[in-house]
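Following are the structures in question.
Two complexes come next, and they have one chain in common, subunit A, joined by subunit B in the first and subunit C in the second.
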Partner chain A sequence: MSLLSVRNLNVRYAIAGPVKAMLTGLSSRFIDAVLDVSFDVAQGTTLAIVGESGSGKSTLARAIVGLTPIASGEVRFAGKNPFADGAAGRAYHREVAMMFQDPVSSLSPRRTVQSLISEPFIVHTMREKDLASEARRLLALVGLPKDFASRYPHQLSGGQARRVGVARAIALNPKLIIADEPTAGLDVSVQGEILNLLTRLQGEFGLTYVIITHNLAVVRHVSDETAIMYMGRFVEKGRTAEVFPDPAHPYTQGLIAAQPHPDPARRRTGVVLTGEVASLRNRPPGCEFHPRCPSAQDLCRTIAPRIVTEFSGRTYLCHYPVNRPAQPARP
Partner chain B sequence: MQLSEAVLPAAPGALTLFRRRLARDPLAMLGLTLVAIVVFCGIFAPWIVPYDPFKLSIPDKLQPPSLTHWFGTDNLGRDIFSRIIMGSRIALSVGISTIGIALCIGISLGLIAGYGPRWLDNFLMLLFDSVYSFPTVIMGLTVATLLGASVTTLMFVVILVQTPAYARLTRTATLSLKNSEYVQAIRSLGASPFRIIAVHILPNVVGPLLIIASMDIPSVVALEAGLTYLGMGIPPPAPSWGRILQEGYNLIREAPWMVVAGGIPLIITTLGFTFLGESLRDMLDPRLRRIV
Partner chain C sequence: MSGNVAAIRDLSIRFDTQQGPVYPLRNVDVDVPRGQIVGIVGESGSGKSTLALALMRLLPGNAVVTGGEVELLGKDLLKLPAEEMRGLRGTRLAMIFQDPMTSLNPVRSIGQQMLDIQYRSPASRAEKIAKAADALKRVGIPDAREQLKRYPAEFSGGMRQRICIAMSLLQKPELLIADEITTALDVTLEAQVLHLLRELRAELKGSILFISHNLGAVAEICDRVVVLYAGEVVEQGPVFEIFDRPQHPYTRALVECDPARIETTTRELPVIPGDVPNLRSIPRSCIFAARCAEVMEVCRRDRPPPTVIGKGHSARCHLLEGVES
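== the complex of A and B ==
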């Protein structure tokens, strides 16, 4: 059974109040940040969600944790809907931890490292725990020396602050960790260390990860499954080992081709994405990727594709997938 | 294992930090001393004044400062030094305690407005702006007319005028912190709004406010002087610093020492609280703290 399962999730933000929308004649006063997203993550595995800035990946993460309200659709964690009676309860927050993008500014600036990583125990009223020894245990787990306990966030480097963030996330032995850009803003060598740390902790505690990133190297390194997000939708999802050599969606193909390559002779061959992401306020008709798609045809400009599921479990959202037969539009 | 435990110092408590900080920071020490002087005068005023601050002695009027009358005498022959010491009582109650009360109310309302729901924010802002848009003196006169001139009325006016200013500043700072990553991170842990506000937002907004509030003390005393001049402040013959300044201003050509004498306690109080406020802010902010 999957640990986390998300069905037809929609998240929308209001961009104007009802009165302003009426006065300015907006067609809709909402923008859809996440549209019809469904996926499952099995216990002990890693799902990577990839996409450009503004594709809705952070919003999706925040919605799963309960920081952003869900417009429609369902989140199920271990078989239960945590938002069934409004806000998520304490038990959910104990089992699902989130790591935020900026390693330093996601730490409360006036608290010591010890106080930061023992915050989860205080919030979940586990005051009977020996907070100092818990802090030492967690520091040891993430590979930081004991004397870091008395430091403040501004005295930490990006990599050290990220380790503190990891320590705080694993403090309550959660089942699921949602990591928003765990490697953002770090040196390449430190990125590797953090990813290895995450992998080691996954092995030790059987953690399940949802990792949000735009770094394809990270995806390849850590994930079992990959989902590609574009304008709030999952345009392709499948096993990482299958998606990279054989992408089905032209967008996935473009992203993989746009990766920098260390071999000068092989640089920039194949499809390269052009143009800008369309405005979320004014979604293109038909397939939303068609203005940037190298293989767009008339059908794509008028009719939105439906989700195609392959035998291997791969899903994609395209009329004319790469190296695959065209998908006729069903009425 | 035991060795490393012994090497790790226990996290120092707030009071220990405060004492250590004071010992290292001469400015904080000076601030504390100046404030202590004012508080001491306020408490023990009737026992330490060299002369009766209310006793008229027309033959001794308008004497310049001398060894017998340190700050000279006023137009009714009263000893100004004694009046200033006596006046520290009014300054403490009107200037300092009202600023303290206004600061507490303002910070609380500002935190609620900044962190709470949108409609509450709009409502509180409307309230603050309405109060704030009244000219201070007009507001003071209105309230004094309605309630009658007394120390209590004056305190009420000061609280009414100062609270919106602190609330607005707190709200702005809170709004910017509300959506910061670290507050989001703590929310995702499941922390209650009360804990987020009290433990993670308040210490980050209070620092600058302490300094602004210290610097508001003289303007409150000036407001008191102004209202007193208009007959709506503290009724005579109470020796408030504002009244001494006001009388000195009228006689600035004949007896310039009155204005100077009235200004000295104001300077002492303001500097004392500003220094204290600054070191308190530094103590709250680990980035500015020099000792760990």
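== the complex of A and C ==
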């Protein structure tokens, strides 16, 4: 059964007020940061959401935890709508935790590690807990020595700050953790430690993860399912072990090929994906990826592809998928 | 040493801080041969950027060069008068910084900034504008003339990094120092920038010192690789040697840690246990001894000298003594 279920989610940001929009003749005063995203995450599994900067992946994460309002669509957690009423919302915020992108700037510089990792208990009015012993328990879980409780964030290395972020996230025994770029800015040797820690905690507590990242090398090792995001949409989603060797969407293929290989014998001679993400203010007509797509044809410039679902559960948005028969456009 | 654009010999640097001295670089030897791309790899705090700043003579005021020599473009860098140093920067020597968001002036247009840096040239304004537009075209920016009127905020991160590259190439520098220039970019843009550097290198005829913690990027474009760990060069050699036959245990561990290198999927990723040593008090032992999987008695006692393993390939490790070629 799926723990988190998202249906046709849209998130939009206003880029101008109504008056400015009228005076400057903007066609729409909104941009759609997340468009028609649907997915399910089963209990105890990991979904990785991958995309370039500006693809909407962080907005999607914030919308799921309720930090950004949803324009339309639905989020269901364990079968219930968490935003329906206050009581459900409070329970939801105990069961869903977010790990923010920048580990150092997401920790208040004026508070000690103990105060930071016991803050969730105070927020959720669980003052009866012995905060000092809870802090020691959490530090032990994330592999930090007890005396770190009295340190301040500036006394931590990047990897240690990330561990404190993990401790804060698991403080209230959540079911779901949403991790926004959990390894960005870390050295490779430390990156492995954090990912191994997340894997160990998943095994111990049956945690479910949604990991937002742009690092495909990491995704391949830690996730069960992978979703590729482009201009706010999921352009492909499927089991990680199947998507990497056999991508269906040309964008997924391009992203995998863009990853440099730490092996000088495998140098590339050309660039597969050229150009940059188009502006969200004026989305290209037809398939939004066509200006960058190496296999774009006339159809792609005029008609938007519909979601194709394969037998394996793989979904993608493309008229001319890689190594697959063309998908005729249905009117 | 005429084959080298830069030759660093036994360079050591100290920072004097309120908490006492810090030793970010110790006994560093690096050669940058003419026409080659030399990669400097290392984790945070390994001294990569300090090395770059030392070559530009842009070290902060509390830095003291405690020993060694640097020959840069045939001159003794450490004894060069400030006046002459300014003459080198931006003409024969150029640097591109990590963050394209902060290395451009936000209140001047790209064109103004590209004119500003040509202030030494006797060419006319029109010629300078033409040169700037030409440089933008070379790094793949369309409508170059129009773009010159725009401000940094009007460009995306990848475009800004291209503009920085275009600016650094205006004078055809003999040595270009690129400090983590792809770190802030997405993989697709990183691939484009690396491809651009590779293309430019032929017409540049100069050398590039490519500083990065991304092994993939280094493997992609470098001819030689220097591995820095906690302020010391632990290994250096031709790129194929470093990636195919790494000799120092740290290089081996670093290459093995990269998840992109691991073919079969695994949930248990390799790590290098332990922490980087504190650079305030340098042990007399091998700098990597505390974290090394193959540590021996002698490693905790003496610091190993560089051992030559092959042509242009050397490493500082006691395990290699006796295998000297």
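The rule is simple: the second predicted complex is superposed on the first by the 324 of 331 C-alpha atoms of A that agree within 3 Å, B and C clash if a C-alpha of one lies under 4 Å from a C-alpha of the other, contacts with A are read in each partner's own complex, and residues count from 1 in each chain.
FYI, a residue touches a chain if its C-beta (ideal position, glycine included) is under 8 Å from a C-beta of that chain, and two chains touch if they have at least 3 such contacts.
Since the model is a prediction, treat every value here as computed from it, not as a measurement.
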item: Fit-or-clash call for subunit B and subunit C when the two complexes are aligned on subunit A; value: fit
item: Touching partner for A:Val188 - first (subunit B), second (subunit C), both, neither; value: second
item: First (subunit B), second (subunit C), both or neither touched by A:His124; value: first
item: Subunit B versus subunit C as contact partner of A:Ala97, first or second or both or neither; value: first
item: Touching partner for A:Gln114 - first (subunit B), second (subunit C), both, neither; value: first
item: First, second, both or neither for A:Val65, with subunit B first and subunit C second; value: first
item: Superposed model, angle subtended at subunit A by subunit C and subunit B (C-alpha, nearest 10 degrees); value: 80
item: After superposition on chain A, the shortest CA separation from subunit B to subunit C (Å); value: 11
item: Doubly contacted subunit A residues - partners subunit C and subunit B; value: none
item: Touching residues on subunit A, where the partner in the complex is subunit C; value: 52-53, 157-158, 187-193, 195-196, 199, 214, 216-218, 220-222, 240-241, 254-255, 257-268, 270-274, 276
item: Complex contacts: residues of subunit C adjacent to subunit A; value: 43-44, 156-159, 186-192, 194-195, 213-222, 239-240, 243-244, 253-255, 257-262, 265-272, 275
item: Residues of subunit B defined as touching subunit A within the complex; value: 4, 8-9, 11, 180-182, 184-192, 195, 200, 203-204, 284-287, 292
item: In the complex, subunit A residues that touch subunit B; value: 62, 65-67, 88, 90, 92-94, 97-98, 100-102, 105-112, 114, 119-120, 123-124, 146-147, 149-150, 152, 154, 165, 168
